[in-house]
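Notes to accompany the following structure.
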Amino acid sequence: MSFIAFRDVGFRYGEREDAGNSILRGLDLEIARGTFYVLLGPSGCGKTTALNLLAGFEAPRSGSVLVEGRPVQQPGMDRVVIFQGDDSLYPWLTALENVEFPLRMMGRGAAERRSRAEAWLARVGLANHAAKFPHQLSGGMKQRIQIARALVCDAPVLLMDEPFGALDAQTRTILQDELVDICAGSGATVLFITHDIAEAIILADRIGVMRAGPGSALKDEFELDLPRPRNRGSVEFAAVYNRIQRVLGEEVQKVVMREAAA
Amino acid sequence: MSPGVMRGGGAVLLFLLAWEVAGRMIFVPAVLPAPSAIAAEGWARWLSGALQWDVLMSASRLAVGFAAGSLLGAFLGLLFGAFAPVRRTLEPLVQFLRFIPPIAWLTPVLIWFGIGEEGKWVLITYTTTFMVLLKTLAGFAEQHRDRMRAARVFGAGSWETFLHVRLPATVPWILGGMRIGMGNSFQTLIVAEMLASNEGLGQLILNSRLQLSTEGMFVGIAGIAVLGILADSAFRAVTRRLFRRYRLGW
Amino acid sequence: MSAAIAKLSGQGFLHHLTWLVLRLLPFVGMVFLWDFASRAFDVPVLFPGPLSTWNKAVQLIADGQLQADILISLWRIAVGFVLGSLLGMTLGLMMGLSRPIADTLGPFVHTLRFIGPIAWISAVMMWFGLGETSKVVLIVYTTTFVVLISTMIGVMTIHPNKLRAARVFGARGFRLFAHVTLPAALPHVLTGARLAMMNSFMTIIAAEMVAAREGLGFLIFNSRQWMEVDAIFVGMITLGLLGLLADRLMTLLTRVLFRRFRPADA
C-alpha cells in the first residue's frame, strides 16, 4: 500500500456535474514514502486542486485521498504546505517569529522555539535577517522563510504549490538546488507542483504529467534515475526533457486551442 | 429566498415589532413614539404637502451645492495637478483647512450671506469642493511612472500626457471624492437647517421636538435616511454606468 | 573655517531649519494675504484681519475661556472616541467573522450609516439629558460606524492563505482568531480609527453649535450673536490646529505603538 494515494478522485465547484465545471475526474495517483514527486501540467489542469485535496483544504467530491491508508480529514502539521507567493506569511511577525509560528502552535517553550527557528533560518541562508519583517525582504527571501517555517515542523509530508513561480530565473535556480539539498537529508515525502519541466527534472524522483482540463487526470508518469546532483546542461537531462516535453506539449496545445476558441 | 435575506428581514421585523410594543405600552409618545404613530404623522404631512416641501428644500440645497462643488473641486484639483507651482503654494493651506469642519464655516457664512438660500448653497458648495479637491490631490499624488514613460515613447507631449494618462487616472478619485462629499454635505446641511432655516429636514427634526411632536422628529430622521440612501444609490448607479471603463469599486 | 561649518551643518541643523522655513512660508504668505484682504474689505466688524484676531485670541486665553472650551471639546471627543472604537471594533469583528451576524445586523448598519449623528441630537438629548452624556453618545455613534465598517472590511479581506497556513500549523477557533485574524485586521482598524477621529471633530462641533453652552462649537456659533467675528476666527483656527495635532498624534501613536501593523493606507 502506498504512503499517499489518490483513488478515483473527482472534484468540481458547484452542485451539479456540468460539462465544463469538473476540475478533476478519476484521478489515480500514488506516491511512495520518501519520494520527491513533481506534478506537471498545463495551466488550469487541477494540479493545485490536487494539492489542496491532499492538504485538507478541500474535500473530494468522489473517490478518496489517503495518507497511510486513512482518508485526509483536515489540514495538519503532518502535511505542511508551502504556498505560491508570499500571502501566507504574517507581515506583523519578523522572519524569526514567522518560522517560530508552528512551534508556538505546538506549545513549545520560548528557548526551544528560538533555537530551532534560528537553526533553520541559518540553513536557508537568512541568519542575518532574522529580525526583519517580510516587507523588508525580497521575494526569494520570503520563499526561504516559508521553506524554513515548513521544515521546522519536521513533517513527514511536504506540499509545495509552485513556490518558485513568482521569482526571477536566477533565484529560482539557486533555490531549486538548495531544496534538493534540504530534502535529501530529511527523508520527507514531497508533492511539488510546477509547470516548468526543467524545474521538475532537477527536483524529482518521479514526475507525473496531467492532462489538460476540465475533468483532468494523470496522463503519464516518469521515473527519474539520473544521478544527483543533476546537471542542467547534460545530454541525459536534455533527453529526459524532450521526452517529457512531447507528452506535456500535447496538453499545452489543447489549452492554447481552447483559449483561442473561447 | 436566501438565508441571509431572511435573517436580515427577520431581524428588522422583530425590531419594528419590539419598537411598536415599547412605543405603545411602555413609553409615552413624547419620549418614544411607536413606528405606526410615526408613519401616521408622516402620512399626514405628506397629505398636507409639508413633508414634500421639506424634502424638496433639503434636496434642492444639496443638489445645487453638490453640483457646484463637484465642478469647482474637480476644476481646482486639476489646476493643482497640472501646475506644480500652484499646488506647492496652496497645498499646505488646503492641508490645514481640511481640519476645520465645514459646519464651523456656517457662522461666518450666516454673517456674510444672511440666512437665505445663498448661504446654504455656499456652505454646501464649500463642503463638496473641499472633499473633491482633497481626493483629486490624492489621485494626482500617484505616480504612474510606467504609463507616463509609455506615453513618452509613443510621442505624447506634456499636455497630451496630462490629458491621456494623468487625467483618466484621476477620474476614480474625483468620483470617490464626490461620493464622500455628498455624504458630508448632507450632514452639514442638516445642521445648517437646524440652526438657520425655516424649512428642510434638519429644521423639521429640531422644530418638531420643540413643538413636542416626537413623531415629527422621527419622520425627519426617516426622511434623512431615505434621501441619503436614494442619493447614494443614484450616484453609484449613474457613475457605474457612465464610467464603466473605470471599473469603480461600487 | 567654511569647510568646518559646511561639515557641521551638513544634513543637520541648517537643512532642517531651511526645510521648516520653506514649509511655513505659504502660511506666512496667507497671513499677509488675509491682512491685505481685510484691509481692502474695510469692514473690520465683518472681516477682521490677523492682528485683531490675534488680540482676541490673547484676550480669550487671558480670560481662561479658550482653554476651557478647548478642554471640554477634547474631553467629549476623547471619551466618545475610545468607547466608539472599542464598540465598533467588536461589532466589526463579529460581523466579519460570522455570516449570520452580518446578515442580522447588516440592514441596521447600512441604514443608520446614512443618518448623521446630528440628526439624533434632539432624541439623544431627550433620552440622555442635557449634559455631557448626550454629547458623548453622539461621538460614540459616529465613531462606532466608521470603525465597524473598516474592521469588517479588514476581516473580510484577509488573504485565505494566511488562514490556511495557520490551520496547517494546528491553529483553530480562538487561537486562529487571536494569532491571525486579529493582527491581520488591525491595520484596517487603525485606518478606521483615524477616519473616525476626523468625524468626531465634525460631530462635536456641530453638537456644540446646536446644543451646548461651552466648547469650541459653542464659542464659534455663539459669537455670532455679538457679531464678534474675530472670536469666530479664533475658534476656527484653534479647531484647525487641534484637528491637525490630533491627526499627527494619531499617526505618531500608531507608528510607535503599532509598529508591526502598518496602517492599510498610511
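When the chains are written out, they are named A, B and C in that same order, and each has its own residue count from 1.
Everything that follows uses one rule, which is that a contact is a pair of C-beta atoms (placed from the backbone, for glycine too) under 8 Å apart; a residue touches a chain by one contact, two chains touch by 3 or more.
Being a predicted model, the structure only gives us computed values, none of them experimental.
Of all chains shown, C has the CA centroid lying nearest to the centroid of every protein CA atom. When every chain is reduced to the mean of its CA atoms, the largest separation from chain C belongs to A.
A straight line joining the Cα centres of chain A and chain B is 51 Å long.
Chain A and chain C have CA centres that are 48 Å apart. One inter-chain figure worth recording: chain B and chain C are separated by 19 Å, centre to centre, where each centre is the mean of the chain's CA atoms.
On the chain A side of its complex with chain C, the touching residues are 55-57, 74-77, 79-81, 83, 85, 87-88, 90-93, 101-102, 104-106, 133, 135, 153. Every residue of chain C that touches chain A in the complex is listed here, in rising order: 159, 161-162, 164-171, 175, 179-180, 183-184, 186, 260-262.
Chain C makes touch with chain B in their complex at residues 23, 26-27, 29-30, 46-47, 99-100, 103-108, 111-112, 114-116, 118-123, 126-127, 198, 201-202, 205-206, 209-210, 217, 220-221, 223-224, 227, 229, 232-233, 235-237, 239-244, 247. Across the complex, chain B meets chain C through its residues 3-5, 7-12, 15, 31, 89-93, 96-108, 110-112, 183-184, 186-187, 190-191, 194-195, 202, 205-206, 208-209, 214, 217-218, 220-221, 224-225, 228-229, 232.
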